[in-house]
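Shared between the two complexes below is subunit A, which pairs with subunit B and subunit C, respectively.
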Partner chain A sequence: MSEKKVSDRQRIEELLGIFSGIAASPKSQLDMYTGLGKKAVGVFPYYAPEELVHAAGFIPLGIWGASGTVREAGRYFPAFYCTIARMGLELALTGVLDRLSAVVMPTLCDTLRPLSQNFKAARPDIPMLFLAQPQNRKTYYGKDYYVSELMRVKGELEALAGKKITDEALYESVQVYNESRAERRRFVQLAAAHASLVSTQARSAALKSAYFTEKREHQTLLKELNDLLAAQPAENPRDYTRVVTSGILADGGNLLKIFDEQSIRVAADDVAHESRSFRVDVPESLAAEAPMYALAEAFAQQTDDSLLWEADLSHRQQHLIDLVLDSGARGVVFLMMQFCDPEELDYPSLKAALDTMDIPSIQIGYDQQMTDFGQAETQLMTFKEIIG
Partner chain B sequence: MLFLGIDIGSAVSKCVITDETEAIRGKGLSPGGAGTGGPQAAVAMALADAGAAAGDIAATVATGYGRNLAAAADSTMSELSCHAAGAVKLYPGVRTVIDIGGQDAKVLSITPAGKLDSFIMNDKCAAGTGRFLEEMSRVLAVPIDEMADVAGRAAHELQISSTCVVFAETEVISRMAEGAAVGDVLAGIFAAIAARVGALAKRKGVVPEVVMTGGVAKNEGMRRALERELGTPIHVDPLAQYAGALGAALFASQSGL
Partner chain C sequence: MSEKIPAKQRLRDVVDSVYRAAWEAKERGEPVGWSSSKFPAEIPETLGLAVTYPENQAAGIAAKHGGQRLCEYAEGLGYSNDICGYARISLAYAAGAEADERPMPQPDFVLCCNNICNCMIKWYEAIARMHNIPLIMIDVPYNNTVDVPEARVAYVRAQFEDAIAQLEELTGRTWSNERFKEVCANANRSASAWLKACGYCSVKPSPLNGFDLFNHMADIVTARCKPETAEAFEQLAAEYEEGVAKGESTWHYDENYRIMFEGIPCWPELQALFKPLKDSGANTVAVVYAPAFGFQYTDVDDMARAYCRAPNSVCIEAGTAWRADLCKENQVDGILVHYNRSCKPWSGYMLEMERRWHDQLGVPVVGFDGDQADPRNFSEAQYQTRVQGLAELMAANKAAGGQGK
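So, the complex of A and B:
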């Protein structure tokens, strides 16, 4: 191998290492940014337009729970709530979010409404910006309603920032985020194409780190990585067992370690924390004219997601089938977050659609408190033995 | 040429030795699963049974929860693939395998060609597993081996509404305190586990022939309760507990060695 190739590979490893470091310690990122005199705002799931937070001059940081044990949040939630909600509140109650200037809390799922109110009661000192998103998002009245909600949140952010969010600033943030989304989509493809260089854990970390890094910074690093990957020789797609992952989260280190131990790679994903969050761009021409409407329009265009209402599920079924067929995956791994109603409701019809196409699938239950992955390992190992 | 399959479960280790014709030449079973001396003891028993020495083994495959701890194994396979292969060998027409082990329950669908097609496992919960039976054996002071006989003498089956081990224990104790017959309570316990495992099996789809493997398969009361629940005969081979180890030995012989 030429010297250039060797140094390129070293740099790829280095960049993946940087992403892993960031993904493993979001608190250090928060401390780093606030230490530099910047202000950060936490953004809870799902799909709040971070562009608004960014345009107000804050660093948006995604809060999707964390691996660990629910202790303090047990006072607010019974055990049968998902860990996204319980661990999110746990972070707030254990001081991890202390340095945030505020949090934005969307409400696409019924679990998030009580979370928002519990958060308010538990941490009255951290401003909670409630964002009610309409499920009827494609109609003109749905969009008008969403714009009115966004305007309210915009006003609250402006009050916290002590400055107006100008249309120009918002347009610029839209461009930054569109570039980041495109780069992440490119990375998903390149990671699948270069499976020997990008492990399943490394793929997850590169995507997860985007939630804890100012998007321009992340974009610069990810673009460098993507360019290096694109220049690497093509790999044999049969060297690894390729699957499509589907679910809310797919970032538990111990869970993904099993994927790597079994030489399983993600060919494409249907994961809320990953591709579902960056599938759709904000239309830039509209953003140049009316950026708030452009944000509502982008939300209206999001689809194929358990969190987003559709009159019939056939489109989502077809989307999942297409993901498998287009990516050359050999099956689908559903990572089912415990107590997640939206995902559990969609699952039977997705599974049935895959069955009719003879696409093998498996469902693995998990949550962020999980410490014993023995059963998940057995399931994945068997699945691999079946699909080859 | 001999091949060894080791199935290291949560509480018991099982071994089977086969030859190149896939005939069983020896078997061994020892209490003690992952992290204990159980696996070595089971291997020694199987070797003695086959009249063979360790050096006669051409290839070894380990399976079960403790599979990664089997240092002597050439490779590992999941216990689901092994149970499927073992069940097909013991009962060639099988299409559904219900495996109830010490800590989980699994239902496997087998293709007409005898290949594992898909599977379902219970959630991490002792309900519907061997552990549930062990707990009830302790609470009722009836040895596991005698449970089926005692339940067989039941005048009627008591309803045990909870399949959670913790709640069922409380429920069983209060039934006993009310003067219920042990046999009636046991019959209720079998029915409760059968309902739990049956629901899992129905989710997967039950296609006859149905075979039960795993340690709990030995329990006649459990088999009968599950037959009633599913409305179909369930076959249990005398070697049912060895199905995983047998499958592992068969994979060892297919590994090209």
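So, the complex of A and C:
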């Protein structure tokens, strides 16, 4: 192997190592940014318009729970709620979010509704920028309504930032985010194509780290990685067992370690925390003229998600089938977030749709408090034997 | 002169007539809808459409002990046992499970409104997918403020108009503004009578067993736009008035304590719920369903505003105030909270509400774990212990000279 190739591979490993470090320690990122005199705003799931936060001059940091044990949040939530909400509140109650200037809180599911209320009760000192997105989002009145919600959040951000968010600044942030989304989509393809270089854990970390890094910084690093990967020789897709993952989160190190031990790679994903969050861009031509409407338009175009009402009742099912067929995956691994009823309610129809196409699938229960992955390991091993 | 039919029976007959009308419509070949409980019923009623209510059906099936059977049927179809029990029962029935407890015709369209919960969206999508039928969706975003923002009112109102247009096209019916006015007048009259009847809980001792209200809620859910509902509630209020005058009550036990029962009852366990309350002389004199379903409005915008105020769509400040006001008006000694495994948006902020009630009202608050439809999530032993604990705390509070703030 030439020296150039060796150094390229070393740099790939180095970049993946940087992403892993960031993904493993979001608190360090928050400390780093605030140490540099920047202000950060926490962003809860789903589909919050981070561009607005960015345009106000804040560093948006994603809060999708955390691995750990729920203790303090038990004073607010009974046990039958997902850990995204309970661990998110745990972080707020244990001081981890103290340095945030605010949080943005969408309310697209029945757990996020009470989370919004519990958050403002538990941490009245951290402004909670409430956001209720429309489900009838494709209609003109749905977009009008959403713009009114976004305008309120914009005003709240401006008050916190002490400056106006200009149309120019928002347009610029839209461009930054579109570039970041495009780079992440490219990475998903390249990671699948270069499975020997990008483990399942490394893929997850590269995507997860975007939640804890200013997007331009992240995009610069990811672009360098993507360019290096693109220059690597093609691999035999049959060297690894390739699957599509589906669920809310697929970021648990111990869980993904099993994927790697079994030589299972993600060919494509239908994961809320991953591809669902960056598959739709904000239309830039509209953003140049009416950036708030452009944000509403982008949300209107979101589709194929358990969190969203869908008039075409087979759309999400077909989308999942297409993901499998287009990516050459051999099956689907549903990572079912415990107590996530939108995902649980969609699951039987997704499974049935896959069955009609003879696409094997498996459902693995998952939450961020899990420490014993023995059952998941057995399930994955069995599934691998089935799909070969 | 024939003996007067008691209001309780009339109310039951009204609900039965809703289901009967749906069967008759089906036999005539007319489309039948399934509707969520806080979908604007004024719309299908104005169009003369037969509509039934899966939540009411599920509660009826659960109360007659069919809940577990249908929940398990749904689980066999792949639905997790973490999903709302009403949804599981309904999905099982939609998929073909028998339910002699409360049969209703299968739907030709579904009317979904998520003001009560977002679970409703996925549940109704699944029904629509199973039957390959249209779903009319009215989205009511969750509120973080006591007042409903005007932009939200405009959004909801625009959806009313879209829903009407969709239903006209689907069913061939024609919208009549005159008929709509009549229907709204009926709904307001029903709400007014419902609130009046519920208001008798404030009399001490109460002329009613508060659990009666849970049963009568079926009418305000399924038939609030019908004049016979308003008439039956008016009669119910008159009967309570008569009870007050005669010193009589449908609560046949001592009224040592007056409590608020918070949450949907565990329908499969009504006897088990009732017994320790009866034994300790704790009458339920406050349930949030009174303000939650007794909404009145003046015009279409106000109607949109009213549908934004479902129990699970209001913020914690409004939710706390609804209950605290009820507790004060009805002189409540203690609060029993149902942590309902089936209802995430409801139970999710109850722990904080408990603290606020305790601070604002100075009465003891005790919670128990249960489920509105799946008996596997209820422990009778735990419930008994908690009610006993509540009775002891209320006794101590009274002995200390307080009935709360």
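By definition in this document, the second predicted complex is superposed on the first by the 387 of 388 C-alpha atoms of A that agree within 3 Å, B and C clash if a C-alpha of one lies under 4 Å from a C-alpha of the other, contacts with A are read in each partner's own complex, and residues count from 1 in each chain.
One rule holds in what follows: a contact is a pair of C-beta atoms (placed from the backbone, for glycine too) under 8 Å apart; a residue touches a chain by one contact, two chains touch by 3 or more.
What you are looking at is a predicted structure, and each value in this text was computed from that prediction instead of being measured.
Trainee: Looking at the overlay, what does A:185 touch: subunit B (first), subunit C (second), both, or neither?
Mentor: neither
Trainee: Quick one: subunit B or subunit C, who's touching more of subunit A?
Mentor: Higher number of touched subunit A residues: C.
Trainee: Using the superposition on chain A described above, determine whether A:374 touches subunit B (first), subunit C (second), both, or neither.
Mentor: Once the two structures are laid over each other on A, A:374 reaches subunit B alone.
Trainee: Considering only touches as defined above, state whether A:360 meets subunit B (first), subunit C (second), both or neither.
Mentor: First partner only.
Trainee: In the superposed arrangement, does A:386 touch subunit B (first), subunit C (second), both or neither?
Mentor: first
Trainee: Per the contact definition in the header, classify A:80: touching subunit B only (first), subunit C only (second), both, or neither.
Mentor: second
Trainee: Which subunit A residues lie in the overlap of the subunit B contact set and the subunit C contact set?
Mentor: No residue of subunit A touches both subunit B and subunit C.
Trainee: Note which residues of subunit B are touching subunit A in the complex, please.
Mentor: On the subunit B side, the touching residues are 65, 76-81, 104, 116-119, 121, 123-124.
Trainee: Report the residues of subunit C in contact with subunit A in the complex, numbered from low to high.
Mentor: 77-80, 82-84, 87, 114, 117-119, 121-123, 125-126, 128-129, 135, 137-139, 141-144, 149, 151-152, 154-155, 158-159, 162, 312, 315-316, 339, 341, 344-345, 347-352, 369
Trainee: Applying the document's contact rule, which stretches of subunit A touch subunit B when the two form their complex?
Mentor: It is residues 360, 362, 365, 372, 374-375, 378-379, 381-382, 385-386 of subunit A that touch subunit B.
Trainee: Touching subunit C in the complex: which residues of subunit A?
Mentor: Going through subunit A, the ones touching subunit C are 75-78, 80-81, 107-111, 113-118, 120-122, 130, 132-136, 139, 141-142, 144-145, 148-149, 152, 306, 309-311, 313-314, 336, 338-339, 341-342, 344-349, 351-352.
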